[in-house]
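Look at the two complexes coming up: chain A is in both, with chain B in one and chain C in the other.
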Partner chain A sequence: MMRRWPVVGVLIAAAFALSCVGDAGAQATKQPIRIGFGMALTGGLAANGQGALLAMQIWRDDVNKAGGLLGRPVEFTYYDDQTNGSTVPGIYTKLLDVDKVDLVVSGYGTNLIAPAMPIVMERKLLFMGLFGLGNNEKHKYSRYFQIAPNGPNPAGSFSEGFFELAARQNPKPKTTALVGDDAEFPQHALVGAREHAKRLGIQVVYDKTYPPSTVDYTPIVRAIKATNPDIVFVASYPPGSTGMILAAQEVGLEPKMFGGGMVGLHFTSLLTKLGPKLNGIVDYGFWVPEPTMKSPGVEAFLQKYQPAAVKAGVDPLGFYLPPWAYAMMQVLGQAIEATKGLDQQKLAEYIHAKEFDTVVGKVKFGPDGEWLKHRTVAMQFQNIKGNDVEQFRQPGKQVVLWPDEFKSGNLIYPYSAARK
Partner chain B sequence: MQARWLLALAGVLIVGAFVVTRTVDNRYVYFAAYGILQYVLLATAWNILGGYTGYVNFGTGAFFALGAYTSVFLIQAVQAPLVVLIVAGGLVSGLLGFGIGYLTLRLRGVFFSIATLALAVVLETMMVNWEYVGGAKGISIIRPSAGPLFTNYVQLLFVVMAALAMGAVAVAWFIEHSRIGRGFATIRDNEEAAECMGVPTLRLKLLATTVSGCLMGIAGAPFPYYITFVEPVSAFNLSYAVNSLAMPMVGGTTSWVGPIIGAVLLGTLQQLATVTISSELNLLIVGVVLVAFVVLAPEGILGLLRRGTRRTRA
Partner chain C sequence: MFSLDLFLNALVAGVLLGGFYAAVSLGISIAFGLLDVVNIGHPIFVILGSYAAFVLNDAYGLDPLLSGVLFAPVFFLIGVVVYQVYYLSFERKGESPLRGLVFFFGLLFIIEVALLLKFGVDYRLIEAPYIGRSIHIGEVGIAFRLLVPCVVGLLMTLAITQFLSRTFYGRAIKGVAQDSLALRLMGIDPVRIKTIAFGLGIATASVAGALLIMISPVEPSIGRAYIGRVFAIAVLGGLGSIGGTLTAALILGIAESLTATFSGPSWSLAVSFGILLLVLAVRPAGLFGR
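Moving on to the complex of A and B:
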């Protein structure tokens, strides 16, 4: 009888060891997938950066509620880049070397994506970009993907709809004024606007920029008025957008079309501030609440986002950036599930090869990591009454005019007719 | 400390930086250390004019960015190597320092400071409108190979910045312990009296603005390879002016050691804040520390230490 004890002991020890191995294995598979990024939570782009972060957190919570990715929960490690590019290299090396995150995605905006590019390229990492303009033009990095629907010619995508619409009018406008901020996005947009004006045979009679610190826009508007252009294309950041609209209405500048590449007009703060003053302005857009742009999941996302945004004190409508931040993470999540792992090369190959269903619709990337075909729309503010925020949740206020596949209404032309 | 000991120490530290690249693989260490060393260089450069002669310069960002944009120009034009970028950045910013010194000779106190602030605005506007160096859109810079001695370019930049910072400290030490330094001190204490006593204040002020500007340009020269995307907002960031002023004030403006103490202290605090509590607390930290020192210890940490030593002896 005594001889059996060693055998029993060995069996117990083996069972214990196996149970430990089993536990360790289960724990290894339940290790969270950690995604790292820098985000503009303070500084010039903070208002949008905070909205983007909130959208990404909603995606993370949705994924975790559904059992995580590959059965593992998703965690974020993020730092505030202060809208300052010089903080970005340090943040991404910290994420990769100290925090040991599994994947990295970008912060918001061209200037904050660019400093991270050499770091991800050096380590051959997949890199999802959030609203960068031409970040991969020089690098041609095959593992970079950018979620804004700018297409293969990002600079031209913002102005194409504006000039195409102008060219369709009868009589066709003959002259245009081009004006914009001395800053990154407006300069890109103006390059595209020049190309389209030339292509469509519209003569440029005014082509100037102004410093971003401009306070009084009336001299600029008076100078434009003096050249009497048929249409006016403005490429601006939010302060310039507001300033140009108010100055144009004060001076009485009424071309046949006005707008084009004005950032900020989709933010709740400016929608409610400018209210009826927006009527008639034609602007670019990525997503607006029109029936032609509805895609599966977007309403469910906005229903989660909007109350959370009110609580967090960020853009309560969230039409401009948050759906795209969510969609960027959806692409990443779907690729992880499909490739059944975190292999950066396999993920990049999969994202190149497949089309993704996201809250902003179907997404397919081209060889340079931009959308295969651009989907920037031209829309016009119409029938805005008062400054109540609720009206902007309804269709018919930001009417999509171009391209035809998303068209939800007709252009009110000329500009003065829409302002009545 | 004698000159040879200081040079020996600088040499040891540079070699030490190189040895670190052989042993430490964590690249974050290099990025963080680069940032702190860059501030050692900037704070030392600022202190040569602001601390030794008492002329407060708010235009550090302009001199720094000019060094950076000189590099961008040379990279675009001839793919110049890093050594050439550093020399050129220093020369161009030094020349600007000389010009500013010459143009603002009649300005003293707050008026000189306002002029330097205006310089930053003027230069930024110029760069915004100069398309060849990226203009308002900015420009991507692709790093060259790191060479056989380093596994990546960040290690190389770290060692280079360590050498430049040591070089700047050596220059500051030399100035402080020479007749030039004493001349600077007389300008700071009472310029009219110094002039009456035969101190060539004009020449000394020009020298101070030139050397200070040159060192700031040298600090900016490797910046394009550090950040790899140069645009006016980052290059002319206000934080350079605020930090390079605050660091010597915290450490102590009358000695070459002061800017080092301030830069290491505030630079480390800011690095920690960026990756822990985050946000604009960075500049808040600088602001609070600066106000605290101005009110409680106007001579900085060095002043506090001196006071402590005197009390102990008494």
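Moving on to the complex of A and C:
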């Protein structure tokens, strides 16, 4: 009898050890999937960056409510990049070396994606990009995927609608002025604008950039006016967009078309404050509440986003960036589930190969990580009265003019006619 | 592309811009030039002034300029408190003014974060009937959005110059800049005088902020873009010279405007800072510095 006790003890100890191993195994499988990124939470692009973060958090919560990815909860580790590219390398190095995140995605915008590219390329990481314009044009990095629907010629697609619309007018405009911020995104947009002007036989009579810290835009607008261009393409960030619009009105610059690549006109705060001053401006867009762009996915997403945005004090409309931020994470999530792991190469190969169902519709990436087919639209602000935010939820205020498959109205031409 | 009307317009735009720059730089000229306090956080007080104007404009439709004037006494008191903290923490202990740089940097970030928490990150603009309108005198167009800041900037400069040269406190402030010990021997408390002067400098930020939000949209971190400019103006004008600050502001404004018009705006800052370097090479104390 006495001899049985050691056996029983061994069995108990083994059972305990096995239970511990079992627990540890279960714990291991329950380890969260950690996704890291920098985001513009302060600085010039923060109005959009905060909205993007909220959208990504909504995706994370949706995923976790549904049981996580691969049975593991999803966690974010993120830092404020202050809309300052010089902070980005440090942020991503910390995310990878100190925080040891499983995956990284980009922050918002071309200028903040560019400084992260060398780091992710060196480490051969999958990198989802959020609204980068032409960040991979030179790198041709096979594990980069960008969610804005710029298509295979990002710089060109951005201004294509503006110039195609101009070329359709009778008589066709003969001259254009090109102006924009001295920064990564506007520079890319201006490259595309030059290509289109050349292709369509429109002569460039003014082609300059200005420092982002410019205070007074009236000398720039006067110099443009002196060249008497038929159309004016502006690639600007929010302060530049506002400054150019106000200066154009004060100086009396009235080309036949004005706008093109003005960031910030999608921010609710500027939409409402500029109000009727926006009438007539043609700008790019990705989604606006027009009947031709009806999308159950976007509308369902906005129903979740808008109350949360009001609560969080971020962009309450959320038409511009948040649905795309959510879609970017959906692509990543679907790829993780399908490949059943976090292998960067397998994930990249899968994303290249497959088409994804997202809130913004079907997404298929081309070899350079941009959308296979572009879906950037040109729209015109029309019939804006007063400064009420509710009007921007209605169709007919941001009328889609191009491409034809999304066209919801006609261009009011020339610019001055829309401002009456 | 040169034409006389383009040149005149560029010149007028430069003067208007210079007047605004003067308004923004006055506080730095007082703190850095007269008191030897490196208040690198001055631009955030300007931004605070912009938000004060925004709040009253948004809630009650109050003209931003009126808000700037109404808030000036409040800003004066803020300046008094800030200087007292700075004095007790650094100046009284005989610390180098450069040590105070850290204090004002910290203050800049604290106020910036407080604005972020309160107002969020959205760009804020104000509405006023004269924004977006302009008058034309012959071939020259003048935007009210820039005319008002220029006129107010000039008036502020004139008022501060008069205050400094014609009042007891003004002369005492100039005295403390030259020899605070001599001032003490005359029975005047230099700390009290410096407190008043610093408060006055911060009070100008209330009006300058209201002028800023008339010209361009504002978000909490935008003040950082002005740090280089305002210090350049104060140094170019000559530390402690209010008239010099106005002259320097006008020079930089005109240089920016002419460059933007005729050579391309991307050169405007380079030309402005080139002028600064050139002047400092010839006159290290600045245009009107002693």
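The working rule: the second predicted complex is superposed on the first by the 394 of 420 C-alpha atoms of A that agree within 3 Å, B and C clash if a C-alpha of one lies under 4 Å from a C-alpha of the other, contacts with A are read in each partner's own complex, and residues count from 1 in each chain.
Just so we're on the same page, contacts are C-beta pairs under 8 Å (C-beta built on N, C-alpha and C of every residue); 3 or more make two chains touch, one makes a residue touch a chain.
If you're wondering where the values come from, they're calculated on a predicted model, not measured in any experiment.
After superposition onto chain A, the modelled positions of chain B and chain C overlap sterically.
Contacts of A:G43 after superposition on the shared chain: both chain B and chain C are touched. In the superposition on chain A, A:K138 makes contact with chain B only, while chain C stays out of contact range.
By the touch criterion defined above, A:K256 lies against neither chain B nor chain C after alignment on the C-alpha atoms of chain A.
Touch criterion met: A:N111 reaches chain B, while chain C stays clear of it. When the shared chain is aligned, chain B and chain C each come close enough to touch A:P211.
Of the two partner chains, both chain B and chain C are touched by A:Q82.
In the superposed model, A:H352 makes contact with neither chain B nor chain C. In the overlay built on the shared chain, the residue A:D182 is in contact with chain B and with chain C. Taken together, the two structures place residues 41-44, 82, 182, 209, 211 of chain A in contact with chain B in one case and with chain C in the other. Residues 26-28, 30-32, 35, 125, 128-129, 135-138, 140, 142-143, 152, 154, 223, 226-229, 231, 233-234, 237, 239, 271, 274-275, 278-280, 282 of chain B are the ones that touch chain A when the two sit in their complex.
Considering their complex, residues 1, 3, 6, 9-10, 13-14, 16-17, 20, 112, 116, 120-127, 131-134, 141, 143, 145-146, 215-217, 219-222, 225, 229, 256-258, 260-262, 264-266, 268-269 of chain C touch chain A. Within the complex formed with chain B, the residues of chain A that make contact are 41-44, 79-80, 82, 84-91, 93-94, 96-98, 110-111, 114-115, 117-118, 122, 135, 137-139, 181-184, 186-188, 209, 211. Of all the residues in chain A, the ones that touch chain C in their complex are 41-44, 46-47, 49-50, 82-83, 182, 208-216, 218-220, 222-223, 226-227, 238-239, 242-243, 246-247, 249-252, 264, 267-270, 273-274, 277, 313-315, 387.
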